[in-house]
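Okay, so chain A shows up in both of these, paired with chain B first and chain C after.
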Partner chain A sequence: MNLRPSSDTIRLIVPALSLASLLAAVFWLQPRAMSYIGLNLLFNLAVPIALATIAQMLIMAVNNLDLSMGAFVSFVACVAATFLYDSPLLGVPILVAAVAAYALLGVVIHLRNLPSIVVTLGMSFIWTGLAVLLLPAPGGHAPEWARWLMTAKPPLMPMAIVASILIALLAHFIVMRSSFGVLVRGVGGNERSVERAGWSALAARAGAYGLAGAFAVAAGIALVGLTTSADANIALRYTLLSIAGVILGGGEFVGGRVSPIGAVIGALTLTLAGSFLSFLRISPDWQIGAQGAILIIVLALRLFLNRIENRERRR
Partner chain B sequence: MKPSMPTPSAPPPPIIEVENARISFGAVKALDGVTLQIMPGECVGLVGHNGAGKSTIVNVINGGLTPDEGGVSANGNAIDAYGINVARAHGVRCVFQELSLCPNLTVVENARIVHRDLGGAGWRGRARRIIEESLDAVFPGHGIDSGETVGALSIAERQMVEIAMAFSDAGTAPRLVILDEPTSSLDASLAKQMLAHVRRFVAAGGAVIFISHILHEILATADRIVVMKDGRIVAERPAGGFTAHSLFETMGSVAKGEAARRESRDLASAPLVLEQAGSGLPFTARKGEIVGLAGLSGHGQTEMLMKLHAQRSGNWWPRHDPAVAFVAGDRRLNGVFELWSILKNLSIASLSDLSRQGFVNDEAEEGRGEDWKKRIDIRTRAMENPILSLSGGNQQKVLFARALSTRAPVVLMDDPMRGVDVGTKQEVYRIVRDEAAAGRTFVWYSTEMEEVCLCDRVYVFREGVIVAELAGGDVNEANILAASFQGAAA
Partner chain C sequence: MRFHKTLLASAAILCAAMPFSANAGTSDKRIALSNNYAGNSWRQAMLTSWDKVTGAAVEAGTVAAADAFTTAENQVTEQAAQIQNLILQGYDAIVLNAASPEGLNGAVKEACDAGITVVSFDGIVTEPCAWRIAVDFHEMGRSQIEYLAGRLSDGGNLLEIRGLAGVFVDDEISAGIHDGVEEHSQFKIAGSVHGDWAQDVAQKAVAGILPSLPDIEAVVTQGGDGYGAAQAFAATDREMPIIVMGNRHDELTWWKEQKDANGYETMSVSIAPGVSTLAFWVAQQILDGKDVPKDLTVPFLRIDQDNLEENLENTEAGGVANVEYSQEDALEVIDAAM
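And now, the complex of A and B:
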């Protein structure tokens, strides 16, 4: 065994370092954030984003991209705030059907060889339309258990941190350790050789989409648990946040290179970047631009490290 | 057909038997009635030039292709639905010419993909044991960490992993391993280790199909050698019945008449227009010359064309005077604009000549379109028709016209005649000759012997470098084959 860190570990260094330095900067600006409640406030909105990022990562693992993530999470939030609260017997099948619809999308995209970007862009209007039908105006109620789950106060660490760690570990187990995860990433890496070994790339892609749907459903429920009510546009920005989170966490658009732990860290970093800018008293007008600047800096850093890695390999 | 070693009483059934297999891709006959038996305990060498049908027969045996006619039997039983999983269940494994591991997965995870029945808790441990045992057996002292991502390994290491993967045993023991150019990225000592393992595997009752362009490897390792040409088996003998010389002679065609030969021209006084130094022989081309790039496909010819192109074209800004034009080989990939009309496809390379102050002059464009339509006979009613309404050969003519209608003094051609009918070929040959006579320089990579023989001078490539230069009367099939296959000159 050699002591050189594996390339996966190197991939995690940039996201981990950016999160750490951003956190240090926040603590320096606002020492009171360094507490149980402070940390929970900083990070609790990160939980649904982390779940959506994992969902996006699964789609990206098979070389596709999901532009309907935000619309779908909004739709799920609306279902959770209405049917799941009023009549769970109807709400649960709706959500199960939504997951099945995701798996079906994977099948259609694979069989017809359609560009996933176009298909999911179209789907985003369908999900938004359904969400508006359910909740034309903001409203609804969070199911008791979702509310309880998101506001629980575990000892030692705030819920936001515990949940993020659990999500990261679960996703790591599924994507990086299980046979299914290997197959999904294999399809992203070299679809032909997976098929040559006698696997069904169709099943792998459908599975990846279905699992992504399940994580996105969890994201919607977690979001309602936090906000107590829903609205048809509640999570629209999740589409881009989830993509940015995956990339920030060391994932790539093609080639099946993804990192679940990195994706969760990426989601946390994105959430924290917003708070950091507020603490800096940057006017909200400039915040989105500044958030973009942070993204560009981190991504440039990664590109730089990739280049060094490649240069070493060539030697 | 006879097995290499006659066995007394009840010979074992062949592991795989392909009977009279025929496959056509469109008009091209990839396999034209091939019958092949692979017996346990033999190493079969398979040789042939580009497009001889080696890869196709390999794909039939590993279940990736179903022959249009003919069948496959395993262990003496004919199998109706022969496919990838059936082949694997009979112990057929394949190392492909292009690396076929998933670069984003670790070696262990790739083993999981290759062995479908490895699942269940603790598969990582089992996969690690299986692949490491196999690596240790084939390449003792390999030094590859099976936890490493394949993308982080060197090319040679990847190839080693792939070979070891094919020989690894996870429940279904490998019985027939197909090695398609397995030593192309291995150095001599690693190749030796692998060949030694092939002999051990064969001695233990396995079978190997061995494809290589290094003839002495085949002669030294194989028991029986099968020579393919134009989708047929043209010779099949025990390895002892061949010498390197007789092998490549069998691969070549029966001496064709020199009918299509160009008259040799004296160009020694013409000025040099292209120069490119490399690790092999240097490349030069003179004004008005047709220079051929030959050798087995994928041995650096396209890279040379790219280098020449990069050397002669502007980096960021397009040059006003184009110095070089390119005719792509893969029309779909980098040739035609599928949604555009024939005229737009033709004029795109010379728009700067046809426009004034940044606006395209429609009349000039149409005039040029009609001119070229007549000159090279593009068979269409109107140049406004979509490019995809043309046949493949006519699309290729448009691409030629695109390059020739520029003022570029040099035209680079990347095997542009693949899948083009004979009539079109003759027309294009005529155009190329006329244009060359008028002073244009052509650099022509072709996988077809007939075209290479049209050139004034030919560079033969092997493993990314130029290994031979042939000129005038020396440009013939035997010389080109001899230079493309290593060890043939001896």
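And now, the complex of A and C:
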């Protein structure tokens, strides 16, 4: 039994600490937030962001980057607010096809060795175009069950917290504990050695993309459950938010080093940072800059800890 | 214009109304403005008006606070988060210029459930629990024809300058104009171009269509295009028609020049950015316990021959004519909707 924390735990410490200190600051600024309803209001918009962040994390686990995340979540939101509400029999196949399209994207990127950034950037225009076709003007209705799910009031903990914990645990199980997860991270770490060991890197990448599509679909539905209607541009911010969430949560752009629990914490931190700045009454002109400053501070902290980690290892 | 008063006059009425207007009920109430965008002169004027009027109201003790919040990016998810933050901050009312008519309904519902009064204006929301102060664009179009019918009893050919194709506002104003023409059958729309609410686009479009048109008696517009139309007409040897203006500074300036030079007569109509202050007073009245219908209509700011100078003086170069509303104006709007 080794009492020294593992490097994975150290990786989680920074995001967890930044979330805790931000939360403490928010509670201090606005004691009203320290309640069941308050926590729900603070965090419920973080649920779709957390799902999108997990999706982005899966793609980053295989050393790729998805620049179409926001557009895809918007598209799913539009499908959820129209077809999934009017005729689920048509809506479900569309969403399944969208997930399949994601898996296919993984296959194409792998086989043709294409840069994922370019392919997904192109796809983002396709998703946005489809979303505009579906909903030229904002509208639609959230499916009853999605609305019920997002506004449910479980005992003890608000839905936003329950959902975040469930998402984190599910993603942790898939990515860190299942053999599929090991394979995906292996592809990110060293693709060639995975193939030499007799595994199919193609299947792993397609699986990672497909799973990312599934999480992104969940993000879109959760978002519509919260907003009650959709808009073709509703989630455009999610592309950058999801990337920032993964990095904030201890993930890396390359090497298959990702942390699902960290990613969820990262998403919550990003959401909270916005509320924190708003409670501070910082002028909107400065808010984006301040949000960036928070990101840089957290990343600097992590770099600092990484250095300590490396020094320990060298010893 | 029934609602248009100089600031001095409205301030005087406000002071006069103060002793018996029931402001005791709202002196501890806090109102927040949730705004999705501040990137053009109209929105800037809207925020300045809000600060000016609510600042005075807070000082007078009518309300405890009236803070303005603008989202950093014009995004639905961000404004929804902003509204949720405002709920947490314990505001009693949220005055809202929404990024999307539908996308904020979830957040607005949460605010209503928390017992908060939500008043949306300009960019309104469809959630039934919120109040809406909407612009009657249809009537804005129709009133132009009404004015022209008073000026030109014989009627004649009209040139219609439309806005940006595919935008709901453009469709509404145009529908109003066409309904007006149907009512007053002496008029005929001889041609129609898209001016995109911009002077340069309007000038090019009008210059392009003019050679193919018969004599034009009047030009009906949507605002932001009157000056361009005038320039296009001035470049030909045609007689200057009656061009309905849209309260922009360049339009009013040109009108003033023409009025001084040859007694040119027209009118100008648009929505004043100060409508945010109307929403503020409506929210204050609702908090005060007044029974207010959920759907209200913004009065237009109409400028006529006799109050042109005064309005031009109050309009910033490059801006739009503005008016700040008083509690009295809000009561009048509420009563009109009853």
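The rule is simple: the second predicted complex is superposed on the first by the 315 of 315 C-alpha atoms of A that agree within 3 Å, B and C clash if a C-alpha of one lies under 4 Å from a C-alpha of the other, contacts with A are read in each partner's own complex, and residues count from 1 in each chain.
Operating definition for what follows: a residue touches a chain if its C-beta (ideal position, glycine included) is under 8 Å from a C-beta of that chain, and two chains touch if they have at least 3 such contacts.
All values derive from a computational prediction rather than experimental measurement.
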Which of chain B and chain C A:G266 touches, first, second, both or neither: neither
Partner chain in contact with A:G188 - chain B first, chain C second, else both or neither: first
Partner chain in contact with A:G250 - chain B first, chain C second, else both or neither: neither
Partner contacting more residues of chain A (chain B vs chain C): C
Touching partner for A:G91 - first (chain B), second (chain C), both, neither: neither
First (chain B), second (chain C), both or neither touched by A:P143: neither
List of chain C residues in touch with chain A within their complex: 38, 67, 69-73, 75-78, 80-82, 84-85, 87-90, 100-107, 109-110, 114, 127, 168
Touching residues on chain A, where the partner in the complex is chain C: 30, 32-33, 37-38, 41-42, 44-45, 137-140, 142, 223, 225-231, 233-238, 271, 274-275, 278-279, 281, 284-285, 287-288, 291
Residues of chain A defined as touching chain B within the complex: 1-2, 6-8, 177, 179, 182-183, 185-186, 188-190, 192-199, 255-257, 313
Parts of chain B lying in touch with chain A, wherever the complex brings them together: 62, 64, 84-85, 88, 94, 96, 100-105, 109-110, 112-116, 118-119, 123-124, 145, 147-149, 151-152, 154
